[in-house]
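Across the two complexes that follow, chain A remains constant while its partner is chain B and subsequently chain C.
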Partner chain A sequence: MSEATAKRHMGLKASRAVTNTAIHILLIVISIIWLIPFVCIVLQSFRVENSGQVGYVLPKVWGTDNYSNLFQTDFPRWYTNTFVAALITAVLQTVIVLCMSYTLSRFRFKMRQPLMRFMLILGMFPGMLTMIILYRVLKDLGMTQANATPGLILVYIASSGMGYYVSKGFFDTIPTSLDEAARIDGATRAQILYKIILPLSKPIVIYTILTAFMGPWGDYVFARYIAFGASAGKNVAVGLYDWLSKDQISNNYTMFCAGGVLVALPVTVLFMFLQKYYVEGVTGGAVKG
Partner chain B sequence: MASVKLTDVKKIYDNKVTAVHDFNLEIKDKEFVVFVGPSGCGKSTTLRMIAGLEDISGGTLEIDGEVVNDLQPKDRDIAMVFQNYALYPHMTVYDNIAFSLRLKKVPEDEVYERVTNAAQILGITEYLTRKPRALSGGQRQRVAIGRAMVRNAKVFLMDEPLSNLDAKLRNQMRAEIILLRQKLDTTFIYVTHDQTEAMTLGDRIVIMKDGFIEQVGTPQEVFDTPVNLFVAGFIGSPQMNFLKAKLVQEGSGYTVEILGARIPLNEDQNAVLAKKKVKSMEIILGVRPEHTTVLFDKTENAIECAIDVNEMMGSELHLHLSSANDDKIIVRLPTVDLTKEQRNSLAYGGKMYITFPAKVMHLFDPETERSLIDG
Partner chain C sequence: MAQLSDLEYLKLSKGKKFGYRLGHFFTGIPKGIGRFFLKIWEGLKKCGAAVGREAADIVNTFVHGDWKTKLSYLVMGFGCLARGQILRGILFLLFEVVFIGYMILSGGYWLSMLPSLGKTGPSKEYNELLDVYVTKYNDNSFQILLYGVLTIFFIIAFIYTWRLNIRQNKIAEKILASGKKLKSGKEDLRSIVDDQFHKTLLALPMTGIIVFTLLPILFMVLVAFTNYDGTHNGYTNSLFTWVGLDNFNTMLSWSGGAGGTQSYAATFGEVLLWTLIWAFFATFTNYFLGMFVAMAINKKGIRFKKGWRTILVLTIAIPQFISLLYVSKMFAKNGIINGFLMDMGWITQAIDFFGDASRPWLARITVIVINIWIGIPYLMLITTGILMNIPADLYESAKIDGASGWKQYTKITLPYMLFVTGPYLLTSFTGNMNNFNVIYLLTGGAPTNAAASSASGSVGYTDLLITWLFKITTGAESQYYMASVIGILVFVVVALVSLIVYNVMPSTRNEEDFR
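And now, the complex of A and B:
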């Protein structure tokens, strides 16, 4: 290698190193900015000396009092409400979405296209529009206020069939000859779905479960409206937010932070284990995985 | 092991396109039948109707004497091999082959026996624990065949099983399918667009075009006595030459006139034409490349041709010629007897002469495209 070429090659390497370093510094700065609020919340949740808002971040006295105090409030009830709603919704919604997607991907029936178009248009209206009528219906069914949780589950899963887009897109990439081979091998449609299609669609199944779980877990507007002030019917988002009201914030702020940490914990753990599939799932519909 | 009978079977799609018109065929027990034709001729659709993957729009389909039109694929007791193998990617080879047996709740030790037995016949024993993606195309196709084999189905359907393989592997697998057929001794229906596969594999060949059956017969029959221009051109490689000619009735006999050559027909041909009361007419004369005699010197009844292309195939030459009529003719000429001078003379622009005996000539009506003698 001549000296000039050597220099040129060195130049490429060096410029790559500079670019990489710059990008990494930028990414680190962004992550720090992103993480600051979370770190603050976690730190506040361990502060014992003052239960209101203060002008510093690091607690002066550390302790887990805020966490143990949570159990003296309605928080366990809210947590259970939320968890039950999210879990049942996750299961039912996943089943509905996957069956719906498989049907739309594999079966050819007369109203298939009109149905898909109808759901697309329907999906463009904000769900909030239905709030008043839903409240009336649920009230008549006795599913509001203290009994809000079953009512909420009903609302969450009612329209779940409309969330078929991503998984149908993924199913479309699985060759139909696999279905046909399985049909000839003696499998029923249901067996084809859970023995052939679902094992091949793990990322999408996990993505569907996660999104189905996250909806109820973080819901505020519907949950607040349907609980309508009854503490026993609140979910964590509604219950915790009420602690930030003017008359409660000075007493409950650190407890709010502790509650927030407990709410974030299961989801964080879930994502850490499943994020690989989650990312695959989001991009899975476009390019065959 | 079963017979298959199709009576007026039709396929009409929702958009009113008819893919298969009144398909009538009786397939005997243990027969190997090949559906062959260009793409879009309805051969795969027919096979899929037999499999139960497509609804039958009209007519009846019987397997072993039972009408199965409305039975699910799994209740028809058929096995099928797909063009793209259709192996279950998340299962090992063993699980792929065992899948149908497990669905039928066959005891696990019998599953083991049947899977290993099939694997041994197909030579894939060492791959049983692998996933399909770790196999080559030929191995995958063997697994697909194994999956069909273990079911001991009444009818074995194959939808272009070799068209995803490269040429060398295809020849090898073709021979293996013949061996497999002898071992399994069951009814086979095989779909292909490749006439060589059809000729080498089939007991009988069904030649299809645009949803119609053009001809059904043994490979020898469809080769020797094609009933129309399409079959004549489709079967045989290189394909049959078609030349403009004249059929002349002279007394009790007929003569074909082409570019000054006059070739009298033989007794059998005369008898058929006389019986059909055929008059003198313009015809299309079909002659296979391998039935053409090549002459280097002009003789009586020889047709003069100019050489366009000379393809060296090793043991023989394929000569592309044009006649004075501008008909394009391909002839096959074995190289073994050629002298050096003769070989050198066969270059572009050179002249040569061809002739053929009456018995190899196929006469077609230019309007109906049907054979005047056969069919």
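And now, the complex of A and C:
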């Protein structure tokens, strides 16, 4: 029996079973492809016999030397820098973003449309360009090189108002009749925000905090610019990047893997717990733009 | 191009509709430009009329006002103080004192230096006591430019406040004449959390944006018209000054550089072309493959839906620099990928994915493929939600009519998705044009484009405009002015792309299609 006739003989159910099996296999392959780099990085962080780059994955000698060696370097300092920056940014950026998006979603004032257009146009300039001047200004204020972290935090939070889109999209979905009812009862606009809107906005608040917390862990450009080569002022991204430079990679490659695992751990754990809110924010807000 | 009526337009096929809109966009450009200038002219006329009205109002208020109002023209806030609005009066007065003090102490100096950006650079002076030459620093071009711009901001703010102060007087007179009472300081304070609450909320974010984004961008736009670079840093080595449009001429000139290398314009063209190709493929490969994965997981009868999603979503959590750096090393000459391929016996010599200047497209395609790996989880998330929102009865009626799976996809799923995600695609396209992280952390721009290297900062085949800009500012010469020129051109390109897409996007015309 040829394949074509076999197909014809199979019922609708059977043909669906075939496609579903194919899709299952495909999904397994996809999952493997997506997980391979992370499995490799974990495995290589335990490799002891060679600290450089090799063409195989499974370590020949297992050990935790790479992790203990991390503490002989500036890594703990970079880690603290990044962690502090992430924590403070998470709080302040959330406050600023919520102020901005709430205002643009709820109030109707003369400058609202021009303001939004102004920020849209401003956002079309490459933000990296501003680094040149911000570096000089922060340097005058003593917030660069070894003291880079406060300067970095300032840069992170100062312009965060521009990222109001997602949470504005969320606030737009809360019915205004709630506000009006509270106004009739004599609440001020500030009371409406604290007593009515914020309790309803838990998902978007958590989403904003989570993304704000994750941002500083991955920032490379601004961090490198402001640290300007001073090891004490680097964040993890800049520090670990240098370990992979041509003259260091043969000694520090496995240590990079160990450092990478330590960096990814807290963010990933936090993310796992708050995944629901992240998905909600991305699917709800990102599209309305 | 013929103008179609709405009915005729709706009869066209999807592709023809798109062509029609695109054609109309381009044939409409001359008209659009005309309209643009007309709008500017009208805007200017409106502005002029508004200024005239304001001036007339200022004069009128002075002529008809009482002595308290008249004195307020000189001493800001006097009217408020005299009428018992102490809080407002003090704030006005304080602002005037600060402004005048600033202008006398330093503002005047910055303004007077702005046209020249400093007159005397650092000089060597003989110190008799120590018998050595000591460098003496004089003017600072950088500060002059920065504080000059700040002073202009301050003056505009002062004029606005002065006008506000006069209007306050006029309003107060009117209220008093009608026999009502003025607002007390307590009521003013209450309005901060009530009817003026939006201003309170916006104060902090807007200050941040103005000081840390608007001001720096204005400054950098001005830098494009100067010769500010590593050797003219304006203070310690040499002053910088205005050079007019010279930098734009260099960037857009076709004459080659020293040593038989390309001109700036040719390099810019090459990098821009790759930037656009990259943005296109990075956006659409992710979009369609992400949608495909989402549909595969959503399909009826697939088990562990949540498990598949979680695996993909978790990869978002890991900071991008780790995964990007690690993957870039996996593709290195002695990396895991080459090791695996050689173990399997598929290749005998390691492939140099990112270093082979004779095969730039190998590096480019590899980057796009790796970007798919980066982007699919995110796109899968976004599209999953939207796919579930498509009304199921659309599919059911299509099935009854005998539509195949592919037909359902092209006639129902895709139009719906494109309609809903249109704005997202646009922002994602412009975001990819400026996607610094993926390019810089993966390849650093490699392989190097030898012909283009005269354009400072050594350009590579995978460099985007944004990574080129970064390399220029960190290169040996640090030609900040060239970085600024590129930044301005990036803005122009992004704005143009947004404008074109916005005009062609179906969401703006077929708004009722899915209601």
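The criterion applied here is as follows: the second predicted complex is superposed on the first by the 262 of 289 C-alpha atoms of A that agree within 3 Å, B and C clash if a C-alpha of one lies under 4 Å from a C-alpha of the other, contacts with A are read in each partner's own complex, and residues count from 1 in each chain.
As a working rule, a residue touches a chain if its C-beta (ideal position, glycine included) is under 8 Å from a C-beta of that chain, and two chains touch if they have at least 3 such contacts.
Predicted model, so just to flag it, every value in this text is computed and none were measured.
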{"item": "Dominant toucher of chain A (residue count), chain B or chain C", "value": "C"}
{"item": "First, second, both or neither for A:49, with chain B first and chain C second", "value": "neither"}
{"item": "Which of chain B and chain C A:186 touches, first, second, both or neither", "value": "first"}
{"item": "First, second, both or neither for A:23, with chain B first and chain C second", "value": "second"}
{"item": "Partner chain in contact with A:199 - chain B first, chain C second, else both or neither", "value": "first"}
{"item": "Partner chain in contact with A:130 - chain B first, chain C second, else both or neither", "value": "second"}
{"item": "First, second, both or neither for A:178, with chain B first and chain C second", "value": "first"}
{"item": "Chain B/chain C common contact set on chain A", "value": "188, 191"}
{"item": "In the complex, chain B residues that touch chain A", "value": "51-53, 72-74, 78-80, 82-84, 86-90, 99-100, 103-104, 147, 151"}
{"item": "Parts of chain A lying in touch with chain C, wherever the complex brings them together", "value": "16-17, 20, 23-24, 26-27, 30-31, 33-35, 37-38, 40-41, 53-57, 96-97, 99-100, 102-103, 107, 109, 115, 119, 121-122, 124-134, 136-137, 154-155, 157-162, 188-191, 193, 214, 217-218, 220-221, 236-237, 240-241, 244, 249, 253, 256-257, 260, 263-264, 267-268, 270-272, 275, 278-279, 282-284, 286-289"}
{"item": "Parts of chain A lying in touch with chain B, wherever the complex brings them together", "value": "175, 177-178, 180-188, 191, 195-196, 199-200"}
{"item": "Residue ranges of chain C touching chain A (in the complex, touch as defined)", "value": "142, 146, 190, 193-195, 197-198, 200-202, 204-206, 208-209, 211-214, 216-217, 219-220, 223, 293, 296-297, 299, 301-303, 308, 310-323, 325-327, 329-330, 332, 334-336, 338-340, 342-343, 373, 376-378, 381-382, 384-386, 420-421, 423-424, 427, 430, 434, 436-437, 440-441, 466, 469-470, 473, 480, 483-484, 487, 490-491, 494-495, 498"}
